[in-house]
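Look for subunit A in each of the two complexes below; its partner is subunit B in the first and subunit C in the second.
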Partner chain A sequence: MAKFNVLDHNLVPEHHIVPEEEEKDILKELNIEKEFLPKISPNDPAIKALEAVHGKIKEGTIIKIVRKSPTMGHSVYYRVVASEVFK
Partner chain B sequence: MMGISKRISSIKFALLSPDEIRKLSQVKVITADTYDDDGYPIEHGLMDLHMGVIEPGLRCATCGGKVDECPGHFGHIELAMPVVHVGFVKEIKMFLDATCRSCGRIKLTDDEIRTYLPEIQKMDFETGDPEDIEILTKKYVDLASQRMVCPHCGAQQSKIILDKPTTFREEGTNVKITPKEIRERLERIPDDDLIFFGFNPKTARPEWMVLTVLPVPPINVRPSITLETGERSEDDLTHKLVDIIRISQRLRESRDNGSPQLIIEDLWDLLQFHVTTYFDNQTPGIPPARHRSGRALKTLVQRLKGKEGRFRSNLSGKRVNFSSRTVISPEPYLSVNEVGVPERAARELTVPVIVNQFNIDDMRELIKRGRSPRDQFGRYVTGVNYVIRPDGRRIKITDQNAAENADRIDIGWTVERQLMEGDIVLFNRQPSLHRMSMMGHTVRILPGQTFRFNLAVCTPYNADFDGDEMNLHVIQKEEARAEARIIMKVQEQIMSPRFGGPIIGGIHDHVTALFLLTHNNPRYTHEEMVHIMAYLEPDILPEAKIENGVKYYYGRDIFSTILPKGLNVRFRSKLCSGSSEKCEFENDPSDTYVEIVDGKMIHGTIDEAAISPFSGAIIDKIFRKFGSQEAARFIDRMTRLAVGFITYRGFSTGISDYDIPESAVARIEELVAQAEDRINKLIETFRLGELQPAPGRSVEDTLEMEILSEAGVVRDESGKIASSYLGLKVPSVIMARSGARATMLNISEVAGIVGQQSVRGGRLNRGYYNRTLPHFKRGDIGADARGFVRSSYMTGLSPTEYFFHSIGGREGLVDTAVRTSRSGYMQRRLINAFEDLKVDDTREVKDTVGSLIQIKYGEDGIDPTRSARGRAVDMNYILFDEEKR
Partner chain C sequence: MASLLWRDTSKNISAIMERLPVNYALDFDVPKDIEDGYITINRKNFTYHVVISGVMPYSPETEAIAKKKSGLKSIITIEKVEKIEPLSVMEFRAGGKTLETIANFEVGERQVTEIREKYGENLSEDVQNVLDDAKAMGFTIPESVAEEIARRRQEWGEKTYRNILKRIGEEIGNELIDPYEAVGIIAAQSIGEPGTQMTMRTFHFAGVREMNVTLGLPRLIEIVDARRIPSTPSMTIYLKPEYETNDEVVMDVVKRLENTSISDVADIITDIGELTVTVRPDPRKTKDRLIEMEDIMNAINRIKGITVMEDSGQIIIKPQQESFKKLYLLQEQIKGLTIKGINGIKRAIARVEGKEHRWVIYTQGSNLKEVLEVDEVDPTRTYTNDIVEIANVLGIEAARNAILNEALRTLQEQGLNVDVRHLMLVADMMTFSGSVRAVGRTGISGRKSSVLARAAFEITTKHLLRAGVMGEVDKLAGVAENIIVGQPITLGTGAVDIIYKGYPKTKK
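This part shows the complex of A and B:
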């Protein structure tokens, strides 16, 4: 069976890699240090799916997650790729 | 009284060495006795005065303090033979596994030691992450444990088996390693090797895990109780210590006079048992030590662990003063914001008032009244229970010293006055599952023994009056009182944060009453109208219409008197909630919608959709447009109007409500017979193996499914027939259709048939071998044999049907019982996970560390309390309001 790309599932929100040059602006807008952002495990299926396209994703990369929302249309969320693997 | 504030910078865990235990100790306990015949503590006994005092009059022999001054001091017991500490069995096993049985070195080669030493030395035991250290030490221990020959002295090793809970033996032998031997082995381990186990030899030598000396806790920790009979009753810990000393003594004697080895070993095991249960009386593998009465003793671990343990019961939660608890009962003439407090409770509960230049005269007046003042009509007035001097001394006010103390008070004193009408208090019903379980009410002092409140607040508290009790807390500080008034008061909690609609509103009779008052707009004479509105204290009377020279008042006009001016709403009543535009229950098609324009009701019927908790459209709109105060006023007046009307009109139900004509009964019977035929036919095709399975199902499943749907169809059809004869004149139907209580399904169960009973979504199939009850043949899968109830509640159930009905009913009871305990535990975990999350003024959700949880609360920044049922704006409300302006 061909491997299914989780990002194509309609219950999985969009995941995007944030280019390094944009990181500063995002952190400034949120008024927060990078370490206080929510984390995402490097072995998260969505990260794995992104890696299949973009190659290895470094720890500390910011991932932009765009979720569908009945009240907002869509809402944006950010996570940082964590150093350790979550159990 | 301000506490001293100190910050904990670090916590260190270590083992107590025997020397340290002796140094801590103020007395060596050698006698198992407590008090002598005169009731005086025996020296070197378990109640030795060196360990503290619990009796007034005596002084501590160590510090000289009296009862409340002496903090208590430790003593110690010298055990005749060493015993294993249950709490460290795992660690002892680790040491025995990983070290040599003869030379005591860790079974790592010199090479390995050389490579691993720098790795573990890098870890700082005091500040490093314990988890990281554990990962490393586990690696070393695993490696060393596998080696069967010592790399240092070459001695052959054997595997250590742990016979739970506290016995060790070497594999292949049946001889146990005595605690003494264990201790000797542990002693042989050199300090330098301990680092590989994550132990710091300065604070924890492994042999200290085998006890030779036992600390005896201070008497304050295990006080004895004197019963009224003068009999002394000792604490469980003292009992346990008595056992330990007795056995230790016998063991010492037997050993010293050379008793047989067998007897010594038995006593030694007994000592081990007592010491083990002294620590933890629920150690798996050994029977719990019991009191003479058969009750299991509560020893050290039991004191701390679980819901009744020290942490959850005494430290995370505490009992409070200024609170009271009693049975609740309804009082429709109170506002939703009020609570009726019985006099007896009001006399006990006090509010502290600090005396200042403005209130000193009033306070003097209060104190003069004494403890139980009444006015000239014998009614309750506030008195004073205590006054507190600026130095903190409390003076109890009695009727004798009242006048004298009234003169004594001055600015800076505190007066503890009794509850007064208008005081704000917190009212709570457990389980407190949401914030509306604890709301602020203003006090009304009423005769009687119960707390009373308006029926509209039953819903948020989930209260009824079948014996429920509730708690009341009197607020002691100004800030808290202000907060309670502004955010906790009932009227501020009308909107639920769960679904953005009202959670307070009319229930049961309120719905029935207003339904009857407004449906088809009945008219009433002037006298009738006055009766109905008598409790309302209306500002204006409803507009009268003169017909044939008589003044009439219409139901909707009467209802309009409680609506605020300027209110515009339009919504579908529950009665007409079907999909079609016309409503079968209304004579006038325009009554499908309830229409209120500028506070005047024009069309429709008031029912659940208008005034009920969860749905109430009118309450919702009033709250949004006019605010909490107006909404509370509406609810107060709505409940009064409803109660006034229904007491005037009268409302009752009875068994004859469900009478349907013979012909209808016959039709239902026929329907049932037809369904049974179809079911039998289905079974027949199944038996012949001709039943076509539904996609994705087995033939058996398909059969069950088909039968179940047949049974469902008969129930619905017979319900339809029954209810076609029961119109809106029937009280039960009024209650069901208006949403006051019950559903049409319940009515069809009474008048039509009860229908198929089920367990776990399928027909009944459990009980005896291949049959549900012995009344049926084995293998009978017909309707009657599998829980189909063809009777109605009115005709009564046959014996087998009655059993089936009980089986189906039991499932519901079991479900609720299981659900409450499971959801309770889930809620506990959620609360613990969320307790320190906080939404700040930018709507960011962060924890106490500062980590971001959500960028905007709920990812959309919408406060569900203020939302229109989850949506940010409600176009309908805005547009309808706009249109009429």
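This part shows the complex of A and C:
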């Protein structure tokens, strides 16, 4: 029921889907396993907006977030789409 | 493209579907240029889509299926009816405003939102060059620093530029956080110490009439506790640039936002002898809030099981079932009846900001979702101080930014300088799991994976008992659990084991 594009809001940083073939490189660079990445819910409005562009987003997809940072200019953050929250 | 929207019975629809194409007589006037329509049965979702090929005024001679027995006004020719996936009523707009109830008929437009990913501005070549140079020297510098260097590169000359870049690299190297440094503790202290300096008082929000917003320590506590509803929810609403300086539009929006109930504009009198409730609108109040008698009638007509009479400017309402209990319930129901406005917005005040005479609307009460759907509102800047609401409407990343902004603003208003990195860490921790978590028993601390750490924090027996029953395993990775068992903690040097590489085996 989106009537406005949430990705346009000033508070929402850029969200990009990471292609599956690039996932390995990112996880290697961060030296981490996928399940330990910060999570984002599949029902998150930003994910819903991405789905309107790219079609269904599977759980386990890594989302690259490019934030505007007051200290860094831009900073890159990763979240993994997961419905279960950490226990 | 405008579409005809109306409510109908499933009986009528099946009658139409049997005899396609067919003329159908409706009890309302239909504009000539309509080409399709949607039918709802339950007033919530549209379930049928019809293709309309002609519209004409009603005449009894034309052969047509009638929607009702009397009061017919126009005839449409229906070419095709198809069942569609339920389409929410909210997807349509009528006459520029959101359609709230489709009683019988409206002409509305299906809204189409173009959703595209946004891509940030690319870095200019100069900045990229600086970043590349730094990388060649073996370190990375933040973009914001690179921009500054790129701007001054010309005046410095190439040699000075190289030297400065080298020195920056050294400085950054010195400032880096060491591996296994306890950043969380440092953040806690860095926010906590200035926090002791905060006044416990909440100030009135200077400049805006009677608007009270929680500030200072109570507000900071509220932010880290991730309360469902903050104690003073408020919104800052920006209008689209074309309306920002237009006084009339601004005042109109303010009136449309403010939630007006019947008791705000009318006197409600209950007559126990006659068993009636009389609503007597106050002309001064209705004029002030731009409310017509019709609006009040529409609101009252939504109540079921009553008979309504209008008599010289007052409305007399009688419950169909004559009992004191019904009368009392009716009275209460009428008092709280919303005539117009957005749920939750108690007050809205417009204020001029800046030299350019731009209006900004401040509200008491918050309803981000519905406010963003108002046409004149700029959906890219409008802001609320309710963090949980932001998480629901704009997503977890927006909530993270909101936590950061709110906390930083609260501290700065008190004249405290806390490094933004500490607040970023807190904001990131709070949104780590994909939903906003409080710092404390119910949130971050209460959900650590280590049993002993949780037991050391709060409700010891509960956690230990549960861990025993469930057979939980503690990997002793954190601080508290290692202190409990008497081991070195996994911080700083304690985190590093002796590494013995040995000599490679030589083949004999």
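Keep in mind that, in the parts below, the second predicted complex is superposed on the first by the 80 of 87 C-alpha atoms of A that agree within 3 Å, B and C clash if a C-alpha of one lies under 4 Å from a C-alpha of the other, contacts with A are read in each partner's own complex, and residues count from 1 in each chain.
Please note the rule applied: contacts are C-beta pairs under 8 Å (C-beta built on N, C-alpha and C of every residue); 3 or more make two chains touch, one makes a residue touch a chain.
Just so it is clear, the model here is predicted, and its values are computed rather than measured.
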{"item": "Partner chain in contact with A:Ile47 - subunit B first, subunit C second, else both or neither", "value": "second"}
{"item": "Which of subunit B and subunit C A:Val6 touches, first, second, both or neither", "value": "second"}
{"item": "Which of subunit B and subunit C A:Pro38 touches, first, second, both or neither", "value": "both"}
{"item": "Partner, of subunit C and subunit B, that touches more residues belonging to subunit A", "value": "C"}
{"item": "Subunit B versus subunit C as contact partner of A:Thr71, first or second or both or neither", "value": "both"}
{"item": "Touched partner set for A:His15, first subunit B, second subunit C, both or neither", "value": "second"}
{"item": "Touching both subunit C and subunit B, counted on subunit A across the two superposed complexes", "value": "38, 67, 69-72"}
{"item": "Touching residues on subunit B, where the partner in the complex is subunit A", "value": "846, 849-856, 859-860, 862, 870-872"}
{"item": "Subunit C-facing residues of subunit A, complex", "value": "1-16, 38-41, 44-47, 49-50, 52-53, 65-74, 79, 82, 85-87"}
{"item": "Complex interface listing, subunit C residues touching subunit A", "value": "88, 90-91, 111, 113-120, 142-144, 146-147, 372-373, 379-381, 383, 390, 392-398, 401-402, 405, 420-421, 424, 428, 431-435, 447, 449"}
{"item": "Contact footprint of subunit B on subunit A as seen in their complex", "value": "30, 32, 36-38, 67, 69-72, 75-78"}
